[in-house]
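For reference, chains read A, B, C and D in written order, and residue numbers begin at 1 within each chain.
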Amino acid sequence: MHHSFQPTHYFNTLGSHEPVLKIKSGDTVTTTTVDAAGCNHLGEQVAPRGNPQTGPFFIEDAEPGDTLLIRLDKLSPNRPQGWSAKVLAPNVVNPDYVTDLPNPQDRLATWQVDTKLGTASLDLPWSNTKRLELPLEPMLGCFGVAPTRGQAISTATSGEHGGNMDYRGFKEGVSVYFPVFVSGALFFLGDGHALQGDGEIVGTGIEISMDVTFSVQVLKGKQSFWPRGENDDFIFTAGNARPLDQATQHATTEMHHWLCTDFGFDALTASILMGQAVRYELGNVFDPAYTMICKMPKRFGSVLLEHVHVDQK
Amino acid sequence: MHHSFQPTHYFNTLGSHEPVLKIKSGDTVTTTTVDAAGCNHLGEQVAPRGNPQTGPFFIEDAEPGDTLLIRLDKLSPNRPQGWSAKVLAPNVVNPDYVTDLPNPQDRLATWQVDTKLGTASLDLPWSNTKRLELPLEPMLGCFGVAPTRGQAISTATSGEHGGNMDYRGFKEGVSVYFPVFVSGALFFLGDGHALQGDGEIVGTGIEISMDVTFSVQVLKGKQSFWPRGENDDFIFTAGNARPLDQATQHATTEMHHWLCTDFGFDALTASILMGQAVRYELGNVFDPAYTMICKMPKRFGSVLLEHVHVDQK
Amino acid sequence: MHHSFQPTHYFNTLGSHEPVLKIKSGDTVTTTTVDAAGCNHLGEQVAPRGNPQTGPFFIEDAEPGDTLLIRLDKLSPNRPQGWSAKVLAPNVVNPDYVTDLPNPQDRLATWQVDTKLGTASLDLPWSNTKRLELPLEPMLGCFGVAPTRGQAISTATSGEHGGNMDYRGFKEGVSVYFPVFVSGALFFLGDGHALQGDGEIVGTGIEISMDVTFSVQVLKGKQSFWPRGENDDFIFTAGNARPLDQATQHATTEMHHWLCTDFGFDALTASILMGQAVRYELGNVFDPAYTMICKMPKRFGSVLLEHVHVDQK
Amino acid sequence: MHHSFQPTHYFNTLGSHEPVLKIKSGDTVTTTTVDAAGCNHLGEQVAPRGNPQTGPFFIEDAEPGDTLLIRLDKLSPNRPQGWSAKVLAPNVVNPDYVTDLPNPQDRLATWQVDTKLGTASLDLPWSNTKRLELPLEPMLGCFGVAPTRGQAISTATSGEHGGNMDYRGFKEGVSVYFPVFVSGALFFLGDGHALQGDGEIVGTGIEISMDVTFSVQVLKGKQSFWPRGENDDFIFTAGNARPLDQATQHATTEMHHWLCTDFGFDALTASILMGQAVRYELGNVFDPAYTMICKMPKRFGSVLLEHVHVDQK
């Protein structure tokens, strides 16, 4: 079933809040998200700043111990302007370089976002570069499910439940798996970026409101521990923690575990294969928890392709 | 001038050791490297284990404050077998997962390396996967220059001088820039891998001896602080430290600094561009110092291409 | 006013929950806490495990931007037995030492706690040590206030709001300052330890239920950012984060800021003094967020004593 | 035998340098050290800055696999002035606080050091504090032995071999144990501080030249892996690494190992005892490698005292 849902309020935590819509495994939802500052497609602020979330969507039959599969069918910026911070965050440069960072009077830049041309552009009147024009690559910065133990976790950060991961790979066409911690899973989404560099090292992408269509599927009895994903070329896992070393441990452990439980590898073969074939990508290195992505290329022969996840077929 | 150099001894530290050959800026050298265990193309151990290095090569005119440009013209495994560890290193998984890792009697695997087919293959008699066959991607794990302050730094680790970075991108065709800390720079190379996953998370790539051809160029008066590189698609910087957070700070700072000093960006424009366009890749997360790579795509329009590094043309 | 409060239910998050009692600045409360597993003075489990908290107490007049001062007037274990884990946590030893840790069938030990003798003792029938007898040093592992942004934060971890800091210095007689984030502050307490080593490196102290008496005072208009404390010899600040490096940054920054705003130091003098006089102590290195304490000795002359915090007199 | 040794040159790395004196196990040496900037008791610069070391002393019979015991018999500043940095290092405060740090024109302060009164004092003409007067607590910031693998490690950092640990506990009367990595151990010492706060958070103690007397003992066949120490109240271990989490792992592992091999504890008893009795202290959080100290109080009953290290009696 295909739902159209227009949000009337938003949440700044992922928690066990009152659902805005009940849907079923297999359903598709078309909705909208506001930007990180709570502004909608008209640029009106309709929610408090800090990655306000659309949702939560209650998915029937989803129970703790299941996995929720979200496919991002369509992600489209729905207004012609986005904004970004301008200055490298002080935590991503050497401590003794912080005082060398530029200190512009206006900390934010307004980009022109042209979805037809597929570009984000910014005039730089002070610079001999004159103008930046970069290809759009729309993504969701913050989305996930209600966490365990009755927690309500700020949309500033991330964890086993997803949240503010700010990973470029969460874009149109990707499938994302979340552990289910509460009845109905309670799926939230928001914080669209028209474009973002790895690491979100200025502290923002090009922040923008979005039209989003997503589909849900409940994988009954399939247990996962951290967010996972899949696209045409890779399966991947996300670890969210500080420092990056710990995020890397979470993502690597989850990948090894996943290869063994879902893809038919024994622990030793999975370990050997990962050693020579694994890839890593950075989500954010700005938020309270950093995000590391561990990827396994499907192209590495029949090995992985022939074991491809049945739920994806 | 093109030199052919056959090493007779090797070093397990990068330091101000007696040069094995004096060469000039613009010269090319064809030589060989032994594998991480000190074994040559015949599989004979000719040096103590631990990434023994060919060199050092003294480059005339290279003085502290200059930058040494090394182009890896050719990297070719020179024997049909390489070896790897099998088990994920305990520091790359969750601490409470360490006891779940496989514990094979034989910790090492011997891979068949076929440079004609371009594959590394390994039989897995115990496994329902039966056999792994992965595409070769030869690279140098450990190379660099003599460090400052009279130090002799173990080839187990890395720093501003390069060393054991274990980054997949250090492969044929790449240009690598090292800060010069001592007269003659003293360039070392070794630790060839037929293939390696990001992070070197089992603690080795597929370790193998190599035939290597490289060219050198001294960039007089050009100061750099960390290893840098360039390939067809990216310019990049390497930060070497623990934790990854600090390696990320070093690489990010060096990229910002490089964009401003060599590519004509003002500090604010460089910061805005990096925020939305930067990419990161992992070198190793196994050695005493981890390695993070900060990359800037050249394809992001005329912006970077028109400022392309004149020394590379 | 002195209140006696007997809890009937407990919370496993610190959040904006319904208050159990409204009190005033200057009041004193005598109450009880259950142990980390939810067991009371009779050893009956009356709450779900995971540091269930007594409270929240609503303190009238406490508003965001104020500071809440809690004095722990009395902390007394109220049953003769406590329990601890036995084995060093895998995250506090070298990753390659994890498989060398002991692996006892029973992971928990039951200690005899004698408040008259002031000892915790444990028989070790397997060991040539025969018996451990250690001096009691009762403390609260987890206490704090409701966090900002509508969050409900698990009692497993800690943050600006306090929480599961597991610092030995939170014992009888200490004064603790918390930032106020919500109206009424909403103070919670629990997780008593009869004794604990620095770092809580086996993952528990000697866990026990307690009789607790505390007094509250609202410091109107005094803003703080992290938990602070004061005892006869030191003023101190707590930073809660991973890695310890970041916890250290939070605690150090808060101390410098505190010295400047409340003790009359200029920024440079505070910096010089801290450089030569500061002390650090570890809270936990086990929980999701670690805890570092930054201490300034009062004994360093008139300098600090003459500026002593007027609210403490 | 008691040697008097007056150094004529100094080293800025700990490595296998030519010994300045050969001594025997049981010998005592009285010598001098210059300050971190290479200045002697007259304030004359006699060595390049960066913790220049007196030594190395070759200790006969010390072989790899042994442990070298150094007792610091006497540490006495030998001039009336020491210097310190003034400003908190940018890496010890929150990244967004770096730009709030004071930025004095003169980065260094000159302290009056009075060994008779036992004080270090500094006038603060700009400050309402007027003057700081702190009790002396002379210590060695950097000392240790030649490392393994032919390395020459900068005196800016530390490792298994000791080096620039900057721990307040390395003061008169302490016994320090170093692993022996090369024949003769090759002991170095320098970098005296008249006083230092935990963490060396301004990047220096009160830097001063010293008269030092130390005694050496070779513990044949006793293997250690990291620096260890002992004073009247504690045995302790030092872990040197970044981040502090890893330094903590090294120190904790070494303490557990030490308790089991030298003090007769089984692994489980050592683990239980450490959990409830261990203490941690910070060495430096400024140098490339940070230093964490893991301490076990001797006072915790007969348990530890009766197992007291026989070599110390």
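In this section, contacts are C-beta pairs under 8 Å (C-beta built on N, C-alpha and C of every residue); 3 or more make two chains touch, one makes a residue touch a chain.
In this text, all values refer to a predicted model and were calculated from it rather than measured experimentally.
When the interfaces A-D and A-B are ranked by C-beta pairs in contact, the top one is A-B. Chain D has its Cα centroid 47 Å from the Cα centroid of chain A. In this assembly, the C-alpha centroid of chain A lies 35 Å from the C-alpha centroid of chain C. For this pair, chain A with chain B, the centres built from the Cα atoms lie 31 Å apart. Annotation for chain B: residues 91, 95, 242-243, 245 touch two or more other chains.
Taken as a graph of touching chains, this assembly is fully connected, with contact between every pair of chains.
For chain B in complex with chain D, the touching residues are 12-13, 15, 50, 149-154, 156, 241-243, 245-246. The residues of chain B lying in touch with chain A in their complex are 84-88, 91-95, 97, 100-102, 104, 109, 120, 122, 124, 126-129, 132-135, 195-202, 204-206, 242-245, 248-250, 252-253, 256-257, 264-269, 271-282, 285, 290, 300-301, 303. Residues of chain C that touch chain B in their complex: 89-91, 95-96, 98-99, 243, 245.
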